[in-house]
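Quick one: this structure, given as structure tokens, is what I'll be asking you about.
Chain IDs A, B, C and D follow the sequence of writing; residue 1 opens each chain.
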Amino acid sequence: MSESETASAAADKAYRDAQEHSAELKAQVGTGAPDSYFACRNLHAFYGESYIVQGVGFEIPEGKILALLGRNGAGKTSTLRTIARAGSPELRQGEVWLQGTAIHPMKDFEAAQQGIQLVPEDRRIIGGLTVEENLELAQIAEPRGWEFERIYQAFPRLKERRTQDASTLSGGEQQMLAIARALARDVKLLLLDEPYEGLAPVIVQEIERILSDVRQLGITTIIVEQNAVAALKLADLSIILDQGEVVYEGSAKDVLDNEDLRHEYLAI
Amino acid sequence: MASITHFNPSTPKRDLAVMGIFALVVLTAPIWATPIGANYPDLLQRFAIFGIFAIGYNLLFGLTGYLSFGHAAFLGVGSYAAVWIFKLLTMNAILAVAFGMLVAAVFAVAIGYVALRRAGIYFAILTLAFAQMSYRLAYSVLTPITNGETGLTLDGNDPRVIDALFGGGGEGIPNPSLFGLELTGYAAFYFCAVVLILAFWVSLKIFRSPFGLKLLAIKSNQTRMRFTGYNTRPYVLTVFVISGMYAGLAGSLMAVTDPLAGAERMVWTASGEVVLMTILGGAGTLVGPMLGAVLIKYAENIFSAVNDSQLADLFGFLPEPVTDLMVGVASLFVGEGWHLTLGLLFMAIVIFLPGGMMEGLYRIGGAIRRRRAGGRAADNSAVTQPSE
Amino acid sequence: MDSLLLQLLNGLDKGAAYALIALGLTLVFGTLGVVNFAHGALFMLGAFVAVSVNKLLTISQKVRDESITAFEAYTEKPYLEIWLGDLGTEIIQWSVPISALVAIPVMLLIGLVMERGLIQYFYKRTHAEQILVTFGLAIVLGEIIKVFFGANPISQSAPPELSGAARLGAMLGLNENLVYPWWRLVYLLCSFLIVSSVFAFLKLTTYGMVVRAGMADREMVGLLGINIQRRFTVVFGIAAIVTGLAGCLYTPILPPDYHMGMNFLVLSFVVVVVGGMGSLGGAVCAGFLLGILQSFAAMSWVKDIVPGIDQIIIYLIAVVILLTRPRGLMGRKGVMEG
Amino acid sequence: MTDNGNPTGWSRRRFLQTGAATTAGLGALSFSGTAPTGFVRNAWAQDFRNNPGNSDTVTLGFNVPQTGPYAEEGKDELRAYKLAVKHLNGEGDGGMLNTMQPTALKGNGILGKKVDYVTGDTQTKSDAARASAKRMIERDGVVMVTGGSSSGVAVSVQALCQDMGVIFMAGLTHANDTTGKDRRRYGFRHFFNAHMSAAALGPVLKEQMGTNRKSYMLVADYNWGWSVEESMKNVTEEMGWETVNALRTPLGTSDYSQYLTPVRDSGADVLFLIHYGGDMVNSLTQAVQFGLKDATVNGKPFEIVVPLYSRVMAQGAGEAVAGIYGSTNWHWSLQNEGSEAFVKSFGEEYGFPPSQAAHTCYVQTLLYANAVESAGTFYPPEVIKFLEGFEFTGMGNGDTLYRAADHQAFKPVLVVKGNDDPQSQFDLLEVVKEVPTEEIMYPADLYPGNLGPYEV
């Protein structure tokens, strides 16, 4: 018996278990487009043989912000990537709906053309391209969002550095560029993955300010953040994931108030 | 590809059975090779020798995923070393084989030590570069040792010190022997066959050993092993040397069955050939590489030998215009066109059977089992697939 | 001094061929991540575009040569010459440059068909499987050419205005013996043109910008709504054009045969790896570097000091560079290191 | 050696009786032409490997390069072999069967047995060539192996045939070693060699270029190249030429520029391109591009010499061959009875003239057949004894002797020149001189070797 063999057997079992447990979610699957603005149902996703997302499902009304919380390895990033239809993890079962459109059969670029924008955790600024080229890249496919002028107005730092190679930006600037890049597209669902990660406290404040500005725009958003308090400050709703499954669903305020819950699942 | 080994939960009992069947199939080769026109000593020897080569290569590639493109160099030096033993000391095959493996091991340590500083395609190019250098030098500058293009051959004037000591020698050039038993024709084949069975057994033991499992783990996640403080290099180097010795063994057996060593055994296409054999048969599987070796050597020796007049005989029962057409079409794929067949075969196998021929066998096996299982409904095939 | 200058020219020329092939190979590596062993075959196909164009242009009226009775011997006069007179002769003489123009659409088509028809199914397979299938393809393509054109090399001549040797020495007021074939200078020039057009395309156009972005971070580009796969398919076509042109324009220097692709295959991989996987600039630099070093290694006095050095120089350089610079001259982190 | 070394007791005959009916496809195919062995003793009461006994057919093994750079030459050799088989079996117009003298051949096969053949691919590699030859000997039961398009292959297959007791009639091999230090009792070479090339070229070069020349040699860096280099040096230096440099080039080089550029500066006025096959095509094409053919050095026109010419390859070099000297074993334009007969029947069969490789292979087949016919047996030692010292004519090269001491054929050698103004697509070489045998003869012990025993 090799190592990976054991792993894959375990994954198979967990997969079957999850299918039974999520009977309720399963019931929704295949019932067609939901009424809500955004919904995902019974997502099961794998990295190779590793079973990462185990039956996650939730809904978000238009314009609301959802904080997706959980410990390290709870499957938060994977859930976001699954919704954005990134190449991995592989979605083996489940549905993703945005404004009545089925996203789950799509590829990454098709989902992006439907208005889903992922701001990934390591920003994924493209080196070798200038700041402006990074923004230009976001405006190649329809539907486009903000014009350059508006972006530069909102992010004067980026304007200063527009001709600079993007990989020479500081971490905070890269995060700004990543958010700006998303806004350069016509975003219907913004997926923010760890926007504060690895940033100095001063910069965190700046990004916080930017995000609260974004909040005013009324863009439906899912935010994943280690720093749960910061995320909950922005969010309307909250979901807690543990081991690939949803263990709590409620308003952001409830989580902030419920110390036990925070203690058990978020270690804060 | 490692997952193919999972089809076969291994138990000592099962391994014994595998060994038994393998040995039986190898030893009965002259019988089953007859209907396919492959029953003549030279080709059977080649099956065994290249089987050893591929099995050894698979230890490296199948277990660790390191793609060496220079294994032919070890085969080449194994051959030269063995022929030099024949020339200088004795015609006894045991000494030649041992020395061939030893020299190959020394080469493998040297090349492996350097090349394993890099991984992935960089490792492949490093091994390729070393092998090409060996080939180029053997062909030209090192001719005094290798006899260049003509190849190193035996000579009536060779000293053969040990044999001379025991009063051997005599007229003409002697044949390699095993303590008096002349190793020519079928005797040589059976000698190679026994060595092949031993080589297979060693490979099986390595696959099942903790060492083998560790190598598999290296393959599945090199970086994680590094982070956990594992220094993987000694393990990979060890298996690199073992697999180099397999190549040296194969090379020296080539010299035993045919006392000649040529530089072209080291050229990059020869290295490529063993890679192809391994992948074609099924890398990471026990028997696959052997199958790949047999298939390629069979194609090389049999397809290439078919000519128009034989095709005409084959299709002779048809009306003449049809015969001509059939011969015309078929001749594209045999004789001078046998490379075309080989290329198409590579493509077909890798397109339809990503795991090589072994996957094909497993699929057939699986289909039979399913048919036996009869009406029992497939369990959870109702999982809805997202479109990807 | 003159001999060094000549060897430098030789090196540049040889390097130009290496650089073009390696550039094409790197485009494929860097974008699609596929180890394409059929790349040498593209070089060979490019050369055979030249052969085919020449054959088409010289379709001839055959007049039986009565003096030879045992077999069908003809004196041939191409129809082009019959119809167009001197202009026809001129066109035939310029068949290699003409075929370079033809090669552009033909190679693009071949590249697109190859990528869509086969390569695209192998993105997610292992490198070993990619090697096996593309190697099979290379063999098949070679054999098909062999069926149609035979196994012998088929010489192609450069236009008379561009053949023969340029008296560089006399022109520059140096040694009279300093001469260099015109066509090799043309080849050098063309390869500079091709390399710069590829770089200009990548650097100056939006399309090229997207491709560069895709090479750097394929997934992110996809997440921005761009169908990067489609663009990479086009890049494969461009790689085929670059490599095919390298082969096509090389025909007056090296009479092509069906086997030439295999001979260049290993070399092109070595060049790419020395340059650094995924680095276009690295591929071009390594091509020229190896070409020049190979030329210098062939000089008599060098060979006297290190016998056989010209036989192994390329591989020796590859080993040294890979050991001292883990990712080759200009390689990017994480490309093909798995 | 009585039973093909088959210890299983499964003789081929028994297999044929029991298994043939069930054997289909390739199996059957690969067995066609197999002669049962080991049962019938012939009149000489001696048994030997692959004795055809009283079978109706006898099988010959044609081992030629079918893949790789020499595939085209191999193809032409195969054409010649097939033609020879046809003629031996009394089909077609008989070709050189009609002009060969003396001959015992009657056009009814060999010793009344119909001639059959098997083919194999040498890939121009010793290993592959030996594997292929072994298949022919061990499985297909051939009585004679012939072919080859390179000296390395010829030498190694010749050694194999000696070990296995089957006669080898070498095809195209030009190195001195084949009948020099690597000569074998069972091997015969009709083709000429490096020494004879040099000896034939020498006087012509002297006549055309004078005695005060400086030569530069580019030499393919392997045994054959070195042997031609040595022979050419000996001959040219004896007539007063100076060898400025002999630069060795790696086999399979595609770009020779770095070896060609020093030539002009060296003060040499003659360039020897000691390359064969694709290498020759490349180096010659490129030498011409470097303007060497039109250059004037030391007040003399610069000359290029290709010691071993092949028409098949000359085609590859195209216009570059014009005016370039070299030597060749045979050329289709020769006006003698044998050549004309051969060219006629080859031309009628295939539509173009045969190459020198085709000629030598055809002749070798007929010579073997004639030796068997004359000796009255397939028993190799008797056949060898007949061939040793055999003198014949009418095979395209005039009076020819198979020298007993080294199994080298001696006959006039052709010095040829690339045609300046070809009249047809085949008219590439022009014969400058037929150098008579006396001028190219050398003592057999010049390249000492040991033929080995008759009986193995």
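Just so we're on the same page, a contact is a pair of C-beta atoms (placed from the backbone, for glycine too) under 8 Å apart; a residue touches a chain by one contact, two chains touch by 3 or more.
On a predicted model such as this, the values are computed, not experimentally measured, just so you know.
Farthest chain from subunit D, judged by C-alpha centroids: A.
Comparing the chain pairs A-C and B-D, the larger number of C-beta pairs in contact belongs to B-D.
Rounded to a whole number, the gap between the C-alpha centres of subunit A and subunit B is 50 angstrom. Distance between subunit A and subunit C, defined via averaged C-alpha coordinates, is recorded as 45 Å. With each centre defined as the average position of its C-alpha atoms, the distance from subunit A to subunit D rounds to 75 Å. Subunit B and subunit D, compared by their mean Cα positions, are separated by 34 Å. Shared interface positions of subunit B, i.e. residues touching 2 or more other chains, are given as 136, 139-140, 339. Within subunit D, the positions touching two or more other chains are listed as 71, 75, 221, 248, 250. Residues of subunit C in contact with at least two other chains: 311. Across the interface of their complex, subunit A is touched by residues 206, 209-210, 212-213, 216-217, 219-228 of subunit C.
Interface of subunit C with subunit B (complex): residues 35, 118, 121, 125-129, 131-133, 135-140, 142-144, 147, 262, 266, 269-270, 273, 277, 307-308, 311-312, 315-316, 318-319, 322-323, 326-328, 336-338. Within the complex formed with subunit C, the residues of subunit A that make contact are 84, 86-87, 107-109, 112-113, 117-118, 120, 124, 126-129, 133, 136-138, 140-142, 181, 185.
Residue ranges on subunit C touching subunit D, taken from their complex, read 2-3, 6-7, 9-11, 13-14, 17, 65, 67-76, 146, 150-158, 163-165, 175, 177, 179-181, 183-184, 252-255, 257, 259-260, 263-264, 294-296, 298-300, 303, 310-311. Subunit B contributes residues 1, 61, 67, 114, 117-122, 125-126, 128-130, 132-133, 136-137, 139-141, 222, 268-269, 272, 275-276, 279-280, 283, 332, 337, 339-340, 342-347, 349-351, 354 to its touches with subunit C in the complex.
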